[in-house]
Amino acid sequence: MPTKIIMDTDPGIDDAAAITIALNHPDFDLQLITTVAGNVTVDKTTLNALKLTKFFHKNVPVAGGAAQPLIKPFEDAARIHGESGMPGYDFPTDLDQPLSMTAIEALRDHIMAAKEPITLVPTGAYTNIALLFKTYPEVIPHIKEIIAMGGALGKGNMTSAAEFNVFTDPHAAAIMYAAGVPITMVGLDVTMKALLTPDTMTKLPTLGKTGTMLHALFNHYNDGDQAGIPMHDVNTLFYLLHPEAFTTEKMWIDVQTDGPAIGETVGDIRGAYHEGKTNATVCVDIDAAAFNTWFLTAVEAIG
Amino acid sequence: MPTKIIMDTDPGIDDAAAITIALNHPDFDLQLITTVAGNVTVDKTTLNALKLTKFFHKNVPVAGGAAQPLIKPFEDAARIHGESGMPGYDFPTDLDQPLSMTAIEALRDHIMAAKEPITLVPTGAYTNIALLFKTYPEVIPHIKEIIAMGGALGKGNMTSAAEFNVFTDPHAAAIMYAAGVPITMVGLDVTMKALLTPDTMTKLPTLGKTGTMLHALFNHYNDGDQAGIPMHDVNTLFYLLHPEAFTTEKMWIDVQTDGPAIGETVGDIRGAYHEGKTNATVCVDIDAAAFNTWFLTAVEAIG
Amino acid sequence: MPTKIIMDTDPGIDDAAAITIALNHPDFDLQLITTVAGNVTVDKTTLNALKLTKFFHKNVPVAGGAAQPLIKPFEDAARIHGESGMPGYDFPTDLDQPLSMTAIEALRDHIMAAKEPITLVPTGAYTNIALLFKTYPEVIPHIKEIIAMGGALGKGNMTSAAEFNVFTDPHAAAIMYAAGVPITMVGLDVTMKALLTPDTMTKLPTLGKTGTMLHALFNHYNDGDQAGIPMHDVNTLFYLLHPEAFTTEKMWIDVQTDGPAIGETVGDIRGAYHEGKTNATVCVDIDAAAFNTWFLTAVEAIG
Amino acid sequence: MPTKIIMDTDPGIDDAAAITIALNHPDFDLQLITTVAGNVTVDKTTLNALKLTKFFHKNVPVAGGAAQPLIKPFEDAARIHGESGMPGYDFPTDLDQPLSMTAIEALRDHIMAAKEPITLVPTGAYTNIALLFKTYPEVIPHIKEIIAMGGALGKGNMTSAAEFNVFTDPHAAAIMYAAGVPITMVGLDVTMKALLTPDTMTKLPTLGKTGTMLHALFNHYNDGDQAGIPMHDVNTLFYLLHPEAFTTEKMWIDVQTDGPAIGETVGDIRGAYHEGKTNATVCVDIDAAAFNTWFLTAVEAIG
C-alpha cells in the first residue's frame, strides 16, 4: 500500500523534483500540498505547486500557508532558484485554484480526517508546521512521523552553521523539534553527498516529458558545482522508500534561534546534555549512487 | 456609541474584574472572549470566562485558545490566583459551551466580520494574538488598536526584568509588537500605581451582587500588600474610556526572548536605537484615585 | 578608623564628585584610583582623575585601565558629561603622571599588599574588575566587599532595561557578579531618588572652592531635570558611611549580555530561579533628604 | 631562520605532541609556553608542560595562566585525556618551576621584548589570549599572526556545533577573533582528516625515545577510532611549516556565545553578512598523507 503523505513545501527547484515524484510515484499517496514562504514568496510557491499539479493532471489539493517566518525577517533564496522559483520551463497557465482555507487549516483537516496517522514531509521552512502544532495541538498524535528536509550536523549553506530551511524560520524549527512527533532529519549531511551526477544530468532529458521538464529547471539551478547538483528535498522521499540506503543516528536536536549561529540544528552527538534523551533520527550518510539510480528510474517511470 | 472590543484573557482574578466590567459597562460592546493559558491552564481560564458570562447572563461567545506558549515552557501563576484561577466564590455550574472553533479562528471570524476595525484587549499572554497574526495576517488592517496589559519599563513581577504576561510567552509578545498594529502598553508602570485602596475594598461588598462577588475573589488574591491590590487587567478598560487619566510616551518596544531578562519589554527610552521610530504608546503614569473612583462607580452601576 | 577603599572610576561629573569626597572625607582612606573607559575614553578619565588629585594636592596614585569593554563595542556618554568628561572648570594643567603599570596590576598590588581586606568602589563599567578577577583570582579573598554603582531593578537610563555602567560592559558585570565577592548594588533604584535638589544646588557655590568647582561641573551635566540632578556615583560613598539611610534586599543578580535587554541587571526578586541563593545586596530605597544634607556637609568640610 | 613562536596550550595529549615538536624541531624557536585550563585544570596543564621541558632538557619558560574560562563554567576533557592530561608515561618528577608571573604578564613581556612580531600558537581555550588583548592591547601590533587550533565550519566534537577549545571559552574566542590580528583557524575541518593512521602508530615506537613516549600517551587517548587518531594541535605547527599542504579560505568568523550552539565558530561562507570583510584564514582541507609523513620524520629527527 502506498505511503500516505502530505508535503509542506516551497518550490523551488528541488521541491519541484520532490513534488514530481510524490505526485506520480506508485509508492506514494500524496494527500495534500501546502506551501510556505521560503525559496520565494508564498504567492509564488503556491503558484509553482499548482503548475506542477496541472502539468501532471493531478487533483491533489494545494493550500497556501505562511507568508512570513514567525519572528526572523524573511530572506528568500531567489539567488539560487530564480525570481519565479521554478525558472526555465513553460508550465501551463490555466491553473487550478488553491484551497480557500489556509495551509494550517488544510493540514488540520487532512490529518484529523485520515484513518491512520499520516506522514508529514516538510521541505521548506517549518512555519506552517509550527503554527499547526501550536494552534491545533490535537493533530500531534495523528501524525505518524515527520521526514523533514533541513538542518545539518556539519556545515550549513547559509552560514557555516545554518541550513536554509532552518535558517529561514529557526523559531518554527524549535517548535517542530520540541513537539514530540517522531522526526527524521534529512539535512545537508546527506543531501550534499547525494548529488545528481553529470551522468545523471545527461540521461535526464532522454526520459520523456518529465525528465525534460526537470532538466530544464535544473539548468537554472544555482546550487551545486561540477561534481553534481544537490536534490535536497527529494532525499526525504528516497528515505521513505529506501531507508536502507541511509545511515542514521538518534540524538537530541536543538535549534539555535539567535546570535551568529541562528538557524543551526545542534545535535547532542555525545548524549551529554539531554540526559541521554533523543528527539530525532538524523541521517548522517547516504548511498549516493543508489539515489541517482532510484531518481532516474522514478523519473523514467513517470514518462 | 460603545467601543467594540474583544478580550483575550486568562482569568485569573484581575481578568475576572476586567471581564465583569467589559460585559456590563454601557460604554463597551464586548464581542468575543478568547482564552489562553496563563494564570492557570486554558481549560480553567475558559471555564472561568464561562462562569462570568453565566453569572451575568450574557451571550458573549467564549473560545478557548492556546494551551501552551509558543516556545517557552508554561509556568502558571496559581500561587497568585489559586488553583482554579477564580477562587472564593460559588459560581453557577450550568455553564454554556465554548465555541467549537479555536480562539484563533474565532478572532479571525469576528475581526473580519466587523464593519469597522475593532479593538483588541489582551490581558493574558499574547500566544493567541501571535498565532492569529501569523496564521491570518489579513486581520491586521482590520484591528483598530491593541490595548495590552503586560510588560514594564520599570520593575517586573516575575523577575526584576519581566512582567508575567510577557514572561509567559515572550516570543508571542515579540510577534505582537512587530505586527504593525497600534499598541498601547498598559504595564506594571501604571498597574502597580493604580492599587485598589483598603477604602475601596471596604466599599466593594456594599455595592450589590457584583461587588460581593469581586470582593470574594479579591480576598483570595495573593497580589498586593497593605497599600492595596493591583487590578492590572482592569486598567486596559479604564484607559479606553479615560485616557486623560494616563500619562503616555511613544517609543519602540522590543521583547527579550532569552537569557535572564527573558520576558522583558525593552523601551528605547532615548530614541537611540531604532532611528527614532516607535511601535507603541506606553502608559507611564496614572491617576490612581480616579481609577478607584471609576472602578467603584462601574461596579455599583452593575449592581 | 577610616574605611580603606579603592575607587575604579570613569570621571565623569558624578565620578568627580565621588572622588572629591573620597579624597577628602576623614572617614575614607582612598588608596588608589583606577580608571576605565566609560563616560569618556580612558585617556580622558585618567586625565580627569589626575586633575582632581592635583586640585586637592593629594598623592593618591592613579592607574589607567581598560580602553574598551570586553566584547560589546564602546559607546561613551559624552552627550551627558561633555567631550572632556569634566567640563566647565579650569583645572590645573601641571598634572602628575599615572602609574606606569596598568590598573589591573595596580589593583592586584594594592589588594595583595593590604593588611586587611579592602573595599572596592567601582563607579564606571566593571571592565577592570573583570580583568582583575580573571587574571589574578588570588585577589578575591582579599576584597572585603564591592560597593558598585550600576544596574537597576527598575527602569534603566540607556534603555528601559539597562543602566549605563552595566550597559557599557555587560560581560564584565556578569563576571563581577559571579565572582563570589560580597557586592552591594547601588543602582538607579536609589540614585534616581537621591537627587541633589535645586536648594542644594543653590547652596553649593557658597561652600568654598570645592563647592564652586562642583557647581561649575554640575552646570554642564546633562542629567536630571528641574526636580534635581542625580549624583549616581556619590551614593556608593554615602552607603559606606550611612547604610542606615538605605533600604536593601538580598537577592541573586544576573546580567543580560545580549539581545535588546543587554546590560540589564536581573534580580530574582521572588527567589524563584536560584534555589533561594543570593549574590548581592541591592539598594532599593534611600533617604534622599539625608543624602542632600550629608553631601553639603561633606563638601563644606573640604572647603 | 626558525620561526619564533609562543605556544599557549592545555596539555593534553595532542598538545604534548605539539609541544614535543615545537621544543625540538629546528624550524621552530619556541620562546615561551603558557598554559590554560582546558583538557584538565591549569595546575595540571602547567605541570604537564614542565614535564615535557624537563623530558627534553629544554629551558623554555613556562607560565601558568587562567584557571577558569571568562564566563562559561569550566568543563574539562579528562574523559579524553585522562585525569592527569598526559597519562601512560612516567615523566621525570624533578621539575623546574613555572615563572612566578602569570601567563598574561609573560605573554606581554615576551611579545613586547621581541625584536620582530611573533607568532602565537594557541592550542587550548583562548582565555589567556583574551585577557592579554584586553589588559595589554599594546601587544596586538607586535603579534605577527595567530595560528589557532579550534573551531569548525563543519561538525564539532562537543556538540555537532562546537569544537572543544572554543566551547570551553566562547567569550575568549569572540575576543580573539575581534582583535584585528591575522588569524588562521586550524579546526576540525582539517584535524579530523589528518588522522595518524594505524601504520603511523605502528612505526612510532620504533623512532627512539620520543616516539616511545608519544606512543605511550597516544595509547591512552580516547579520541579517534580504527581509522586513526586526530593530532589536532600538531596541525598548527604543520601549517606553519607546510601551508602548501592546506587548502584555506578567507572569511569572517563569528563566535556563538550562548544558546545550544554555544562555542560554534560561524563562518560567513557566502560573504553575505559582513559586507565582504574577513577576519580569518580558515583551513578547509589538508593533505593527510603528507601530515603523517612529516610527523614521523619530525619525531624520528628528535630521537
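Going by the order they are written in, the chains are A, B, C and D; count residues from 1 in each one.
One rule holds in what follows: a contact is a pair of C-beta atoms (placed from the backbone, for glycine too) under 8 Å apart; a residue touches a chain by one contact, two chains touch by 3 or more.
Here is each chain with its UniProt name: A, B, C, D = Ribonucleoside hydrolase RihC [Lactobacillus sp.].
The structure displayed is predicted, hence computed values, not measured ones.
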item	value
Taking each chain's C-alpha mean as its centre, the one farthest from subunit A	C
Residue-number overlap at the subunit B/subunit C interface, same or different (half cut)	same
Chain centre separation (subunit B, subunit C; CA means) in Å	40
Distance between chain centroids, defined by C-alpha means - subunit B, subunit D (Å)	56
For subunit B, residues that touch 2 or more chains besides their own	257-259
Contacting residues of subunit D [partner subunit A, same complex]	153-161, 254-261, 264-270, 272-273
Residue numbers on subunit B that touch subunit D, as the complex places them	258-259
Contact footprint of subunit A on subunit B as seen in their complex	66-68, 70-71, 102, 104, 127, 130-131, 134-137, 171, 174-175, 178, 257-258
